[in-house]
C-alpha cells in the first residue's frame, strides 16, 4: 500500500501517518519526493488498511499494491481449475457448451429444447425456473415445477442442468434438481445468496454484474470460495455502457484478462451480451477464438413464441450452425470443444 | 406500441404481423411509408407484447409508447406523495434529512452520532447493522445487536431510524426495530427482497442501482407498490460511469426528471454519490436547489476511525455547516427543511 | 512515480529497473514487500517516464504521483482566476450568465435574443455561427455572416459575445468578432485548434468532451495555457453514460472537484447537460448552489421554430424565471450573480 | 417518424401537430390510442423534421424510423465494398493486416518495423508522423520528416502506408506520402477534417470516437462519402466505459452489427482497444472470428524503447505468432487473410 501525502504535508503529519501505518501491523518507509511525500506500507494489507488511511485529511490517495482476492487468485493456484459435471467440462483447454431456452415454459418445450441442443453438440441444458424480471407484470417462471421438468429433461438426454437460484431460501431446493447453480447478473453482489451457494457442493456459475469491475467480480467469487465451494465458473455476459444498439456491450477481453489473474474457468454469454440473435453466431466464434472456456447460449424451439428473451434466442438450426463454426475455430486453435 | 417492419417486408409478412398484434388483444393500424411500413398497435400493451413481437425476423424494432410502470406513475396519481415518520417528512415541498454513520459500530458511537446529527437539524438517523461489503474479508456489521443500538438511539433522541435490510429472511427482524427499511443499491433488482418489503407496512427507501435506468428504477419501486406498500422513497445515489475521480457520478437531473414521472419522493445521497467528504457540502446544497425531497448523508463522530466509508463521511462540524447552507437554499426557494 | 514489480520479479530485474529509473533522471528507492517489490522514483516525472517504464514486462503497474498538468494547477496558482470581458465576470465568487440561441439564424433572431436575455440579466450572448452537426445533412450555420450579426447584437446591447470556432483556419476570423472563443465538446482534443486559440489573447471557453476524464480536460486547458493564453474557462456540459433519458449525464460534482485542483473558472451548461428544456431551470439553480462560476444556457425567442437544439432551449419567459431563481440561491450563498 | 403526443393532449393540439407535420412535406396519420395519441409522419424525414417537432410542448417523444445516413447504408448498396491499395485488401472476405509502431521515431526504426511486419505477413505499415497526445508535454511526432521516412519504408518493402492526418491544412501534405489517411478517434467529429479528406481520392481509415454511437460513427463516414470519396474503412478501436482494467472496452459485436447496416469494411484495433500487449493476440484472433475485414496492430522493434504506446505494442516475435493464429482462424472460416 502506498500512501501519497498531500502537497505541503508537514513533518508532524507525516510522522503521525507513519504511526497509523505501523498500528495496522505494517512497516512504513518514508520517501520524500520533490513535490509530495509518499509512505510505502509493507505487509499484507488486504483487509481494511486502505479505507482507514485514506480518511485522513492530509492524505491525497492510497494506492493498494495487492489484489484484494486471495483464493481466486492465480498467484494462489497457478494451474487452471477445470469444472466437470457429467459430460460438461470447462477450463484448461476444455470448452463446455450450455444451451437452452431462457425460461422453462412447459415439459414439452424443455424436453424438445434438450434434444435439439444435444443433437447440435451441447453438453449442458440451461433453462430458468425462477426468472428475475425487470417488471413485476412479466412472466416469473414455473418455479419448482420448472425444476422438475429440467430434471426430466436430464433423465431423457443425460445433459447437465444449469439453472438460476435467486434467493437463499431456494438454494436447497434448486440444488436438489440442478447440476450447476447459476447466480444471475442482478445478484452478483447479493452476499447472502453468494454465501448460501458457497455452502453447498455443486458448481456455481457466477454471472458478472452489468456494472461490476473485474475486482468486484473476483471478490464475489471469493465470497463463494471462502465458504469452501471451490467450483466457481465466471461468466462474462456484457456490461452496461452508453451503447444502446446492443442490449449490453460484450467485452471479450475479459477472457484473457481474467485468465491472467484467476485459475477459475471463464465463459461467455453471447445472448445477453448482445441481445440480438443475429449477432450471436459471430460472437460465439469470437469467444472461442479469445480463449473462452465455455459458452452459454439461448436457444428456443420457436423463438417467436418464447415467453422471454425471444429476440436473442437462436433457432435450433442457427444453433447447430453456430456450433459447427465454433468447432472449426476450436479445432484450428487446439481446444477441445466437447 | 409501434412495430417497424424491415425494409422490403412483403405484404404477406405485414398481414401476418397484423394478425399477431390482434392476437395480443390490440388493434392494428398499418401505415405504409416511403421506405418502411409501420404498424401501430393500439391498446394497453404494458405486459409482454413488445418482447413477443420483436422476435419476428421481419421486424426492425418495436417502440413502446406507454411507460411500463403504473402505480408509481404520475399519471395514476398526479399529486406528490409525502412520506412521514416521526418528525421526518419527505415530498411535496418537505425536505427530510437523514444522517449518521455508515455502520453501527458500538452503542456509544451510534448514540453520539444520533445526538450530533439531531443537534445539527437532522430528523432521522441512518446506520448499517447489516453491511453489504464488496470483500468477504471486510467488516460485515453488528447485525441484530446493531439494530438494538439503533432503537436505543431512537429512544434517546426521537429520531426516526433508517437502516438496510439485505435479504428476505431479515425483513421481519429489521422491521421490528427500524422506522424506514432501506434497500441498498446492490439489491435494487433483488426481486424476492422487494416483494418481502412490499408486504410490510413501513416506508421503504429504495436506492437506485449503479447502472439502473430510470425505467428499471421505477419498475423496482413498482414491485414494492404492487404488494400494497405505498410508502416508497426513491434515492439517487450515483451511477457508474467512466469517471473514476469520484466514487460514482451523481446525476442531480434525476430529481426533476423523476418528479415529472412519479409522485414518489426523490432524495439524494451525496456521500455515496461522490465518495469524497469535501464534495458533499456543495452537492447537498445543489440537491436542495434541484428540488430534492431529502438528503441522506454519512456523518461520523470521527471519520478517521470509521470502520467503513470514512473517506466520504462528514465530521459533525462539517455536517452542521452543510445543514446551515442547505437551509439557506431551502429558505430562498420556499422549501421546508425540517 | 511508483513502479510495482510483478510477483516473482528477480533481483536482476529489480536492479535493471532501478537503472532505467535513474536513466530518466529520477532517484530510485527500492521497497521489498511481502508479495511485491515496489520502486519509488523520486523527481519530476510528468513528461514521459511512466509510459516508458510500464512497457517492461516485469512491471505490474506504474502509479503516477504528480498530476500531469502544471499551469492549470491550483498548486501553481492557489488563488482563483477571474475572467472578465465587458460586464461578464466569472470566478472568485462572480457568477457570469451567458445565454442565447444554439444557432444564429438571422439578424432579427439574434438581436431579439440579445435583448431578451439582457433584460433577464445575462451579461453575455451565445450563438453559433459555425455549427458542428452530427449529420452532414443538417443546418451548418451562417458562418461569417452569423459573426457579423453577433457583433451587431453586441453593438446594440453591450453584451459580450461567446461563439464557437471549429478549425484553426477560422481562429483569426472568429476572434475579430467574438469576445470569448468557444471550443466545443467534440473538439476538446483537437490539439491544433487548442494551440491556435492559445496564441490569441482573448478568453477561451473550453467545453469538456463527453467522455473526457478530468485529467484529459485539464490537459486540454494546459495546451491553451502553454501557448501563453491565460484566460481559459472550463465548461462542464455533461458526459456520455448509459443514461439515455437525458441527452447527457450532468455531473455537478465537477464544480467542487475542479475548484480543488485548478484556479480556472468552472461553468455549467445545463442545456446540453440535460437536453430537455424542462430540466434546465432546476439544474441551473443546482449549479449555482454547487459553486459554479457561471452558466451557459440556450434561450430562443421561439424554441419551436429553432433550426437546432429547440428541445433544450428555454423560452425568454422561462429564462427570466430561471434567472430569478438562480439569483435567490446566489444571494443566499453570498455569490455575486452579475 | 412517429410523434407521440403527451397524455391529455387535446384535439386542437393534435390538429396543430398534424399541420406542422404536413408543413414539413410529410403525410400525417393520426392513431388514437387508449392512453396516448400518436401521429405517424410518412415520407423521407432524415433531415430536420425530428428536431423541429420534438420542441413542441405537447409532444412526449419523436421516434425516427429511417436511419439518418444514406450513402453508407447497406440499403443503398447491398454488396460489400472492398478497399484495395497495393497488396492490402479489406472487405468482402478479404482480411487486411496493418501493422507497425505507434510513432515514426527514426528512419532506421520505421524501416526495421516495415521489414519485420512484412516478414510476418502484414500488407500495410502504420506509423504516426503527426501524433495527437493528451499532454502538451509529450512527444508530438516527427511531422513531415516522419512522412518521408514512411515513404522510404514503402519504397523498400512495397507495403501500403497508413498514417494519421490531424488537421485540414495537412491533408494535402499527408496525402502526398500516404496510401491511406487515418482519422484518429479524437477527430471522428472534426467535421472540417472529414470534409477535407472527403475531397481527396485516397482511402480513409476512420476510427470510431471513444464515446460515439454507431449512428454518429456512420454519420461521420457519411461526411466523407458525401464529398465524393467512396473509400472509407471503419475502425472499431474501443469505447470508454466504467472499465479501467483495460485502456478501453473493445466491443467486437460492432463488426457483425455494422456489417448488417453498411457496405463499408470494418476493421479492429486490438492495441488501443485493450491497451495491454498481452491481450492483443487473443483479441486479434477473436476479431477475425467475428468477421472483421482487417486488423491494425501496434508492433515495435523494441517496445520498451518506444516513445509512445509501448505498453500496448507487440514485439515482432509476438506479432508473428499472432499472425499465425489469425491465419489459422481465417482458414478455418474461409476468409482470405492476405
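All chains are identified by letter, namely A, B, C and D, in their written order; residue positions are counted from 1 within each chain.
One rule holds for everything that comes next: contacts are C-beta pairs under 8 Å (C-beta built on N, C-alpha and C of every residue); 3 or more make two chains touch, one makes a residue touch a chain.
The structure presented is a predicted model; accordingly, all values stated were derived computationally and were not measured.
Colleague: In the chain contact graph, what is the shortest path length, in steps, from subunit A to subunit D?
Modeller: 1
Colleague: Chains touching subunit B and subunit D alike, please list them.
Modeller: A, C
Colleague: Would you identify the chain whose Cα-based centre sits farthest away from the centre of subunit D?
Modeller: Farthest from subunit D by mean C-alpha position: B.
Colleague: Give, as an integer number of Å, the spacing between the C-alpha centres of subunit D and subunit C.
Modeller: The answer is 26 Å.
Colleague: Can you give the whole-Å distance between the Cα centres of subunit B and subunit C?
Modeller: 31
Colleague: At what distance in angstrom does the C-alpha mean of subunit C lie from that of subunit A?
Modeller: Centres of subunit A and subunit C (C-alpha means) sit 38 Å apart.
Colleague: Please set out, as single numbers or ranges, the residues of subunit D touching at least two other chains.
Modeller: 211, 215, 240-242, 244
Colleague: Subunit A touches which residues of subunit C in the complex?
Modeller: Per the stated touch rule, the residues are 2, 4, 7, 29, 31-36, 38, 40, 42-44, 63, 65-66, 75, 240-242, 244.
Colleague: Give every residue of subunit D touching subunit C within the complex, in rising order.
Modeller: Result: residues 46-48, 51-52, 54-56, 68-69, 132-139, 166-169, 186-187, 189-193, 209-211, 215-216, 219, 222-223, 226, 240, 303-311, 313 of subunit D touch subunit C.
Colleague: Taking the complex as given, what residues does subunit D use to touch subunit A?
Modeller: 211, 213-215, 239, 241-246, 249-253, 255-257, 260, 273-274, 276, 278-279, 282-283, 285-291, 325, 328-329, 331-333
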